[in-house]
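Heads up, there are several structures right after this.
Heads up, the next two complexes both have subunit A, just with different partners, subunit B and then subunit C.
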Partner chain A sequence: MKIPFLFWLLPLILSSCIGTSSGLWIEANPAFREENQQIKKIILIDPDLILFEDYSSRENMILDQEIKEGNILTILKKNALLAKIDLEIYSPVSLKKNQITYFNYLLPLKEKLLQANFHQEISTKRRRGGIISPVSSNRVFEEQIILDSDLSWLKEEYNTKYFMIMGLIGNKNTKVFRTYYQNLYFIILLDIERAEVMYREVRKFNAKHNPGELNGVLFDSFNLIKKLK
Partner chain B sequence: MRYLLFFFMMGSLSKLQGQFEHTYTPIQITEDLPAELLDNVRQKTLMETASQVDSLNSTDAIEFYAYSNFALNQTLWSGNVYFHDEIGQYLNRLVDYLLRDDPMLRGSIHIYATKLLSPNATCFRDGSIFLNLSLLPYLENEAQLAYILSHEISHFQLKHSLEQFKKGKELKNQEAWEENDSEKLLEILKYGREQELQADLAGLNRILLSDYDASESLQALKRLQLIDFTPSYPELDLKALFQLPELPIEPSSIYFLNKSSPLYSKADNDRQRSEEETSDSTLSTHPSIELRIEKLAEKLTNEKEIKGESFIFFDSAEFRRIQLISIFERVEKLSNRTLYVQALYLALRLAEDWPENQYLQEKAATSLFWLAYYAKQKNRDSILPPKINPAEVPFDILSNTFHYMSVEEYLDLGQAFVLHRLEKFPDSEQLMILKARMYELRSNREKSIESYHTYLQTYPSGNHAPFARHKINTYTE
Partner chain C sequence: MSYFVRKILCFLILSLIYFQSISQISGFQGKRIILKSDVSKLILEGGYDVEGEFVLSRHISLSLNHHFSNQIWKQSKRITPLDSLQFKKKMIGFTLKKYWNPAITAPKGFYYSFSMERGRMDLLKSEIIPVDEGNNIFFPFRQTIEIRQAVIKEFSLGFGYQWILKSRFSLDIGTSLDYTNVNLGSNWPEFRDYQKYVAGNAIHLDDNPGIGILFPFIPTLDGREMGISIRLSLGILLF
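Moving on to the complex of A and B:
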């Protein structure tokens, strides 16, 4: 979990949050709809998982963070597999001491992807004179989000051209004796060979982070990646 | 912008640094990840809580250790910390020397260099010290760096994190505490400033026990004043900066270059300094530099009178080399953070001293490509620094020029630069790819495919090879 990275996701997150309690927003590169059925393997880099719910204090949340992250990663892998996607996760929770490419290439790639996503959020920025407003629920990118091509060799190193970043941010609020669980889930999928973002999804949903609820959301998400037409 | 200024603080750099003559390879991890990186926050917190010697009750202990371990974990995993690197090794040697007579304290100190762009150093509760490389160019010699490290070590030795936590708890337990209780928050800040002064003096004490010239400690603090200080510069010559036979920018775009207003004068500097001196430090985590210098000078005068001896001064070539690495690393970080004008400017200025360095030209060309890309997407404001009026230092003038250039000028400048540098460095993978991408940006498909083919003939297994192959396939389908 890298909180500083989240700054670069603010436009994406805000664009999907205004005036809504739940929803699904997806955007895809036109080429993605032609080849997504063939996706077999995705490299997931350092998922941002921040779950504030169900804790009496933040220190308890901190103490349980790694266990919760581990559980969510297991659910992620399982649902990816149901969509016939081999999800390889590189995160502090699961990293081995010899996996130095994580620091040398994967984290810099994540930073570049977030930066490109932040600066090239063109269609949302243009609306209302620069004020970010909700994007439509299902659209193609008006202009492609592109990156440097210097890491395209990672395709051969990891035996796939798909690299992904994702986040799940959950919060619990109590108002007038009622408890609300608010969650934001996002993914950004990159084709490293094209050096272009292929697919972006943001969901807002109200549910506790129990395995059943998360299963439903993640199952749907991976199926969309694989079957979007 | 101020982060670029330090380059000029260093004065003339020795050209004898062969490591930088032809290219530069950014620092990467080459060994296994360090053990502390794989620490589990939960286990570490529970273990420390069980064996703590900090006189905290168990609830407070868990809170204190959990937060500090979490913050440390975040920093170590941020991707901004170097591990097993040359700079870290150098910093560790300095600490070895400073703590040569205190092996127990030495064993608790873990020192790391970071890529963060703010000139700063931080000490964590457990003795982990993070020195941002951006601080190094402000310093003049190893003795000044030793003082900065000694200051940070003192924070650990004096248990400042713990004391601050206890102070916060004490205030929180008082009546009528609210999260936004500004009076109590100001009190915590004041307490923090007192700790900084303590660390200044304790740091000096350690330096006095070493062979470093203790008066350099005072100089180190004076150098920190430069962080917020704008020095005088000669006028910017864009043509000289880009080193192109013809500069493809119309005079109308070079708006600020034509004006004849004087650059920052001594009077301006004095005014700026005077404004800083009178600024209120109530809301600051640190005391004013002036106060810190005053306290340190007082202590130093007394010590010199007692000792009555001159001091030995270290000025190692190694320090200068480490300083240079830190500036090259900064180019890399600026570029990765899409701060393209800053990366371009720093790379071109460094290239004045290292004209044969391929890395610098590649970084400058990459920045120009992306600036052109964003300009073409009508999205340049997203990555340009804000306009400064009046722009009176070279970086601001360059930055403002980009605000006034047309899209065609961006494309012309980027392409001219890439082609010109490719003549000088014909084997550069990066420049070859940028040539193809520049043609693509100009919708010149034929030239673009030709350039991708040339790249693949030269580098069939190059870093960009899958990308180049994909482009050719897409265009020829």
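Moving on to the complex of A and C:
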């Protein structure tokens, strides 16, 4: 009699453990759902990659952070390419050209975008049982995020009107019996011509910071940019 | 083509059309088809097992599987130790999986599953006859004394976790509560001792007195078996 009872209790216990720290929240401009299939190139401005882990020394931490950051940038590019998006990354690590534009215009643009988003936090309403509403639901911005249109000339400079900022904040906690990985990932996509935020995504998930674990998540993110209906 | 196979194909085609139209399918890096084999079935029952898992939507996948096993059981209370019963089982079925994690898409992560299987089984009851006893030469000869055909139906509800390794391979570990119905056509008392081996379950719940209280709608009769099975599948992501 004990076996069937345990059998049905086990998934409930497991789902409650896994479910509390996972979620996907998406908001998109209605116009974005019509034109997203034509997106071919995106400029990614200074991605924020912060991975907290246990390190024996500060030197190890800095070195490891740099290696991991480089790896994640490679994974990002690879997955964007699989979703048929040409992702150009502009960050201090990979900067080769357009340095003046980067420091004078792209970084202030990132700051503006973050500020505008800070004033309108993403809606993270939960349904019963902690289960998040599915992506297929028709989510739109409650209030459209609009920026100044004085940077629309960047479209000609970079040959695309889509500019993006992203962040991956990962935390590793080691307890007596288990290691927990908690990650927060976000992207904000801006149409520089309209000066409107077109798409915003926040994702919470548990995964190690290695290519095998991140590939699925990052590909899904770019795939949604391209195919969201 | 049997009626059951046609039903499965119709279900698959309709599901593909329906799910493609309503959602954005990511798969794992765009790969949506996995070719798998259940290692636990190979260990417990032998034979071979092939399964194809198709990702239908962000969180739902459908698997089609075929399993063949050929087992010989010798231990029995009613049949003498020299006698044996051989099962040749051919099964075909489908499994529907609902992946739970909203941030990670199918086919990776924790899932609940429902599966249905149907198949045919040949039962060969045989006895070993020593010949040439007069000349003190033992030459054991197995003689089939009874052949029966049976139809098997299996339903199961379960859960598990699927890992994707190196973006190319899959490892699926799960468990499920199985109900197996073996239709022999007519009564065959000897089969009662063997029926628990037919289902290939790791734990047989028929021996457990509590099962009658929890599942009163399923009478414990000949040809009906409940148990808990385990799944350990290894696969490769095709495209």
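Basically, the second predicted complex is superposed on the first by the 181 of 229 C-alpha atoms of A that agree within 3 Å, B and C clash if a C-alpha of one lies under 4 Å from a C-alpha of the other, contacts with A are read in each partner's own complex, and residues count from 1 in each chain.
As a convention for this text, contacts are C-beta pairs under 8 Å (C-beta built on N, C-alpha and C of every residue); 3 or more make two chains touch, one makes a residue touch a chain.
Note that this is a predicted model, so its numbers are computed, not measured.
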Which of subunit B and subunit C A:Ile75 touches, first, second, both or neither: neither
Subunit B versus subunit C as contact partner of A:Ser152, first or second or both or neither: first
Partner chain(s) touched by A:Glu111 [first = subunit B, second = subunit C, both, neither]: first
Partner chain(s) touched by A:Ile169 [first = subunit B, second = subunit C, both, neither]: neither
Subunit B versus subunit C as contact partner of A:Val217, first or second or both or neither: second
Which superposed partner A:Gln65 touches (first subunit B, second subunit C, both, neither): first
Touching partner for A:Leu95 - first (subunit B), second (subunit C), both, neither: first
Contacts on subunit A seen with subunit B and repeated with subunit C across the two complexes: 1-4
Residues of subunit A that touch subunit C when the two form their complex: 1-5, 7, 10-11, 14-15, 18-19, 22-24, 79, 82-83, 131-132, 134-136, 203-205, 207, 211-212, 215-217, 219-220, 223-224, 227-229
Residue ranges of subunit B in contact with subunit A within the complex: 28-33, 35, 37-38, 40-42, 45-46, 62-63, 66-67, 69-70, 73-74, 77-79, 83, 336-338, 366, 373-374, 377, 379, 382-383, 430, 433, 437, 462-468, 470
Subunit C - residues contacting subunit A, complex: 22-24, 26, 28-30, 58-59, 100-105, 108, 110, 112, 159, 164-167, 175, 177, 203, 205, 208-211, 213-215, 228
In the complex, subunit A residues that touch subunit B: 1-4, 57-59, 62-67, 92, 95, 97-100, 103-104, 107-108, 110-112, 115-116, 119-120, 122, 125, 143, 146, 148-153, 155-156, 161, 192-195
